[in-house]
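Pasting a structure below so you can have a look.
All chains are identified by letter, namely A, B, C, D and E, in their written order; residue positions are counted from 1 within each chain.
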Amino acid sequence: MQLSATHLWMIPALPLLAAAIGSLTPRGGRKLAAGAAIAAMIGAFVLSCGALVTALAQPAVHASANFTWFALGNEVVRVGWLLDPLTAFMAVMVTFVGTLIFIFSLGYMKEDRNFTRFFCFLSLFAAAMLGLLVANSLLLLFVCWELVGLASYLLIGFWFHKPAAAAAAKKAFLTTRIGDLGLLLGLLWLYHVRGSLLCYDGGAGVLEQGSLTALAGTTVAGGFALSTAIGLLIFCGAIGKSGQFPLHVWLPDAMEGPTPVSALIHAATMVAAGVFLVARVYPLMLADQALASVPVHALTVVAGIGAITALLGAAIAVAQNDIKRVLAFSTVSQLGYMMLALGVGSWVAAIFHLLMHAFFKALLFLGAGSVIHAAHHEQDVRRLGGLGRRMKATFATFAVGTMALAGVPFLFSGFWSKEAVLHAAHAWPVSSLPLLVGLAAVVLTAFYMTRLITGIFLGAPRTDAAAEAHENSAVMTGPLLILAACAIGLGFIGTPAWPWLQSNLGGIVVEPESIWEAPGLMLLSIGLVVTGLGAGWAVYGRRRNVNASSVDPLAQAAPGLFAVLAARLGFDEFYAATFGRLNTWVAALADGLDRRVWDSLVSLLARAGEFSGVLNREADEDILNRGFDRTSATVRGVGQTYSRAQAGETHGYLRTVALAFVVFALVLLLGGVR
Amino acid sequence: MIAAALTTDSFLERLPVLARDTVTGRLPESWRWMAGSLLEIIAILAGFGLLFAYLTLAERKILGRIQNRPGPNRTGWFGLLQPFADGVKALTKEDVVPAGADRVLHFLAPVVLVAVSLLGFAVLPFGRHLVAVELDTAVLYFFAAGTATELAVFMAGWASHNKYSLLAAMRALAQLISYELPLLLSVVPVVLVAGTLSTTKIVAAQGGWSLGFVPHWHVFTPWGAAGFVLFMVAALAESNRSPFDLPEAESELIAGHLTEYSGFKYALFFMAEYFGMCALSGMAVTLFLGGWGAPLAQLEWIPSYAWFTAKLLVLLLGFIWIRATLPRLRLDQLMKFAWKFLVPLTLLNLANAAGWSLTAGWTGPLQLVRWAVALALVAVPFVVLGRTLSAGSAPRTYRFA
Amino acid sequence: MSPLQGCLLLSAALFSVGLVIALARSNAILVLLGIELMLNAANLNFIAFWRFHSGAAPATGVIFVLFAIAVAAAEAAVGLALVIALYRHQKNLRLQEATRLRG
Amino acid sequence: MLGSGILQGLLVTAKNFVGSFHDPARYTTLEYPEVKPALPEAYRNFPFLVCDNATDPLGTLRCVACQICEKECPPQCIYIEKSRDKKPDATGKPQIYPAVFAIDTSVCMSCQICVEVCPFDAIKMDQVFEVATTDRYAALLLDRGQLTKPNTYFHTIHPTEAAEVDARLAADRQAAEEKARVAALAKAKAPAAPQAPAAPVAKRDQTPESAP
Amino acid sequence: MTFTFLILAVIILGSALAAALRPNLIHCALLLVVSWLGVAGFYLWAGAEFVAFAQVLVYVGALSMVVLFAVLLTRQSRAELRVDAPETRRAVWAVIAGVAVSGVIGAAVFATKWDPAPVTAPEVTVRGLGLELMGAHAAALLLLGVLLTAALLGAVVLAAPDRPEKEEKS
């Protein structure tokens, strides 16, 4: 089943159509909205598989189909669709995971009154995400990028009546907006330089060799290469969207939205958009590698940011008590991993980790959702516990997800993708810091996941809510089982022994080699995972007679560090302190300026107008009117005299006609007309 | 033209013209025209005066006979002197003029009426050379004169200073005006086919015979027959005769607009009525019955004026016959009959005649088609219109009679 | 005094008599009749010119008079209908009292 | 169909017109002054006095002025004055006769009561209707002379009744003669019979003067 | 100037002037009828027979009837008929206007030079008239028909008293 580039637009079109249907159905049309959304996702998934088959037929080719969107004077803006293995794999992943999450949210959101509106927003988000994937023009990509941001705002703030959710939605939107500003500047600069934003346009595209050499060739202020500057600006967008180091603060708060939203957007797809973006413009990022005189290479910055975020995320995750907050910070650290992989030069490993992470992180989030749904929206780990016996399926799938995330060797996909990243980091010639950070993050990840899983499922239920929890219906546990199967099975497509994904994704055939070729790093990482798990089990595994208010053992061990980590290293307060106050100060200034300066100016003008009005009235009154009245009086006078002639007396008329005739005839006669 | 025809016609034919020429021969040239026309006038007056006289007698005798009684036979042998007796009576009777009457108009009314009804005779072609005035627009002149009678009727009605006579005059006028339309419309087809307004040319157009014995009279064409019947019905109404003698309906309005008249003026009114009747029948003869044409070629030897008078008498007897038979119409029936029955039929007849003249060229089988269509156009509307108009009035059943 | 001039004088006289009637008499019907007279005067002119003036066109004068007569008849009919309507409204026919339609 | 009624009407009048010339049943007018109408026998107008002998009408009046008719006449239009002397009637028996016998024809309503009550069949109803006069009063009061008409006239106008009356009178006369003869016989047979009271009143027995 | 023309002139003008003076409305109408007859006579004298008889048919036949009906329908009392003498002031103005107009036209008539009258009177036959009417003036004729019908209906509507709608007989 082939799907050529020109028909790629159908993939985003279906969910968009479903979104439109969802928006038009009244609140009661639940079955219609949900059905349309799910059907659209299944249709998109089928089309994506077709696209995948076509892409894998010639993996090295970037098949594009461009057309003119609109012409502005002689400026013609062209957009188009791009089909290459990266797009296809991402589209399959997004549609597959999206379908499962849609089905899950059928059960999760059943009681919610705005059921139809929820599915409409979900479809809108899916359409935007798929649009972003298939876009060949960076402008179209940017449009879909903004739509995704909008969708995330709508979905996070879905329960807008909760002030926390509304604030979180605004925070998410604004912080990603800051990142997008960098992306926009990059695109404008690129458009200014290259005159087109099409990635692949039969040679004239931005990411093609001709433009890359031109970009790399020119240097900008500060000695940077033009491609580096544009690349870093585009990377700012990625930082914002994927919640990297400086702009990661919105992701934990985004957990206010419903759990399927968190699963879909803040685990699998949207946050992955940043990584996808960098992967998409990777040739641009690589352009400055060859230059030596450049103070810094773009990818080095990426790797640095990635490493910092990975370590930061993992550390904070350890001290969080809310299930979704732990998973959020875990996502932040995993995205740091992907950025690290991109930075160290292997975008294939990054995408491989991204795909795997999408599956097991979605699984974890849905598991958490199932737990929350069962425990009457109780999200605090300390108030749960002992759910293993009550929710066997959720416990089993959650365990699979945890092991995949932690990177339990051989069986789980997380291990292979993390292995690939660590290998790439190991091979990075610039410095070995990312490798060390990566390994530390592995330990921390294993630790906080065991803390989380033991907190929720083992031990005794610490509150009655936890006690009454019972397994959810099939519609929620079904997707969990499927995702668990993927979390296990999918890992094998990228193992060094069978690098199917790597060769197909990169377009270059990778030689399969036995995993035991350079086993050192692998064994090291396995060891770290085991130590992490063991530490976690040791601290939290066997705690007994624990109730909701008992203090966390770590807190007892390092109260200061634990409190700092629990407070998310105070980034929110810092930002509030700095940018928040700056903002309020500027607002106050503008208000004052407006109230005093402009206001007085306007009132001045008003008085001037008033004065001239008065002047005008006086002049008009005595000069103009009197003159006008007199003339109209004369006209009326004349009219009256004439009307007296028109006295309605027919005889009079006839007489005047006759006399007039006589007069004219006389004139004619005497006038000598012969 | 007359001189040429003179030689070929028989002596009787030429007799009247000869008489006139011998009389006017003695006068100087300039007076000859005047004398000739005077003679003609005298001839017409005498002829039709006598006809009027004996028409009244014939009417009373025939009515009598129809009602199984002898009719006037006291005065003179078989009542032949009756008209003169009436004349004497009329003269001797006291001529009463109502006090408030408008004396001038009262006197003028009968005079104008008689004068106007006499005018019609000027254009009737009594014989081959016997037409008083050879007018190109003879038919128009005839009917122009005809319409003036209404004025006289009004004068009579108004001048007698009597509410009933004024009302009766109005009714008479309404009748005259409504029947003037079908009268004129039934004449138009003849003018259309003959192509001229002059009576002599119309009579000439009806000359000749086809198939040996059927003369080319208009009455023998479908539209002609219909036209003739319609013309006669309208003529009946126009001269206030028989079914339409509403104006002097004795039972209702005493003598209508003639109530205040007595003596000779009264007789004048009757004379005018009879003159009108004769004029209209004369015109009918001219237009439809082939004027002075003989019905058969073999009968050509009988002088033309004899044929004219014969046909005229037949028509007049028809008038009398109808008077003896038909009851008087009510005013609304009269009006409805004129406007809803006669006018549509005459218009249709006009169309029929137009069709007839257009299809004159057809020969052989087409001739049959032409006749069939023309006949259908006459019969069908008559039946349909008749049925629709008389839908309500089923023949009256007398339960107790 | 050629016959043509005679006719023209006659029609002028008739026209002015019509005008006098129309102006002098206060009864609406007579005013209408005055106007009829003026129309007749005009027709008289046409026939006079047709008869005595060596005009080229054959009988336009006559045809014109025919149309004029017909139109005058129509005009008179409507005029008299108006007079009747006026009478119904004003109960008398004195024209000088029918002055509602004025400036 | 419209007009069929008229045609039928015309046909009827035509039939009448033609019929009046040859069909006597249709042409029934009598030219009155010349042709008198055949009056029906029972027609009656004013009464008249019957006299037996046309030559001496007043002499042979049947009327004996018994004044019954005068009394019976409803409008009292008969006036009779008896005569002083008697005159022999038809049978020779001296009778009174009316000196004056007048009938006021303007009053008489020809009810024929006088005829019915007249014992002597002296008054009968006449069939004369041409009685117009110029004088309104005197001319209408008919005296004796104008009233009497001979019995022969009576036969012409009421033949049956006249014959019947004559027959009856003849029968009475024979009865009277019979009785007279019997009386004569009786008188002859019994001349000794005492003198009968005064001679019986003689019944009216006349011998009609039968003149055809 | 021929004798008949003078007679006709006298008839026409005489009856018209008489009509102007007569107080009785009916007499005025009838006098005007005489004047119309005079005009018809003039047409006959001028040789246009068709027009003459058309004039008689239309004016004397139909129009006089309409006028007389109008006079009767407006039911003036007989007294009012009598007393209808024109107010003097308006009459004077009327005469002045009349005389002025006729004077001016007369002057114009005498002022202009007329070319001599044609010897033979122009001959118009009914057939010629018919062809002319149906030929060049066919449209005018049809329009005239429409005009007359419209005038007929209009007059009826105007003059008919607005009887209340006859209610439907049950």
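As a convention for this text, contacts are C-beta pairs under 8 Å (C-beta built on N, C-alpha and C of every residue); 3 or more make two chains touch, one makes a residue touch a chain.
In this text the structure is predicted, and so the values were computed from the model without any measurement.
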Could you tell me which chains are in contact with chain D and with chain E alike?
-> B
What clusters of chains are still held together by touching when chain E is ignored?
-> A, C | B, D
Partner chains that chain A and chain E have in common | C
Among the chain pairs here, which one is joined by the most contacts?
-> C-E
Greatest Cα-centroid separation from chain C: which chain?
-> A
Chain of greatest Cα-centre distance to chain E | A
Inter-chain centre distance, chain B versus chain C - centres from mean C-alpha coordinates, in Å = 35
Mind checking the centre-to-centre distance between chain C and chain E? Centres are C-alpha means, answer in whole Å.
-> 6
Counting in whole Å, what is the centre-to-centre distance of chain C and chain D, each centre being its mean C-alpha position?
-> 88
Can you check how far apart chain B and chain E are, centre to centre, with Cα atoms defining each centre and the answer in Å?
-> 29
Two or more other chains in contact with one residue: find those residues in chain E.
-> 50, 54, 62, 69, 90, 93-94, 97-98, 101, 105
Among chain D residues, those touching two or more other chains are none
Please set out, as single numbers or ranges, the residues of chain A touching at least two other chains.
-> 651, 655, 658
Which two-chain combinations touch?
-> A-C, A-E, B-D, B-E, C-E
Write out the stretch or stretches of chain B touching chain D in their complex.
-> 62, 65-70, 73, 321-322, 324-326, 382-383, 386-387, 389-390, 395
Would you mind writing out the residues of chain C in touch with chain E in their complex?
-> 1-10, 12-27, 29-30, 32-33, 36-37, 40, 43-44, 47-48, 50-54, 58-59, 62-63, 65-67, 69-78, 80-85, 87-88, 92-93, 96
Chain C touches which residues of chain E in the complex?
-> 1-2, 5, 8-9, 12-13, 16-17, 19-20, 25, 28-29, 32, 35-36, 39, 42-43, 46-48, 50-51, 54-55, 58-59, 62-63, 66-67, 69-71, 73-76, 80, 84, 86-87, 90-91, 93-95, 97-99, 101-102, 105-106, 109-110, 114-118, 121-122, 124, 128-129, 132-133, 137, 140, 144, 147-148, 150-152, 154-159, 161
Report the residues of chain A in contact with chain E in the complex, numbered from low to high.
-> 651, 655, 658-659, 661-662, 665-666, 668-669, 674
For the complex, which residues does chain E have touching chain B?
-> 24, 26-27, 30, 33, 49-50, 53-54, 56-57, 60-62, 64-65, 68-69, 72, 125-127
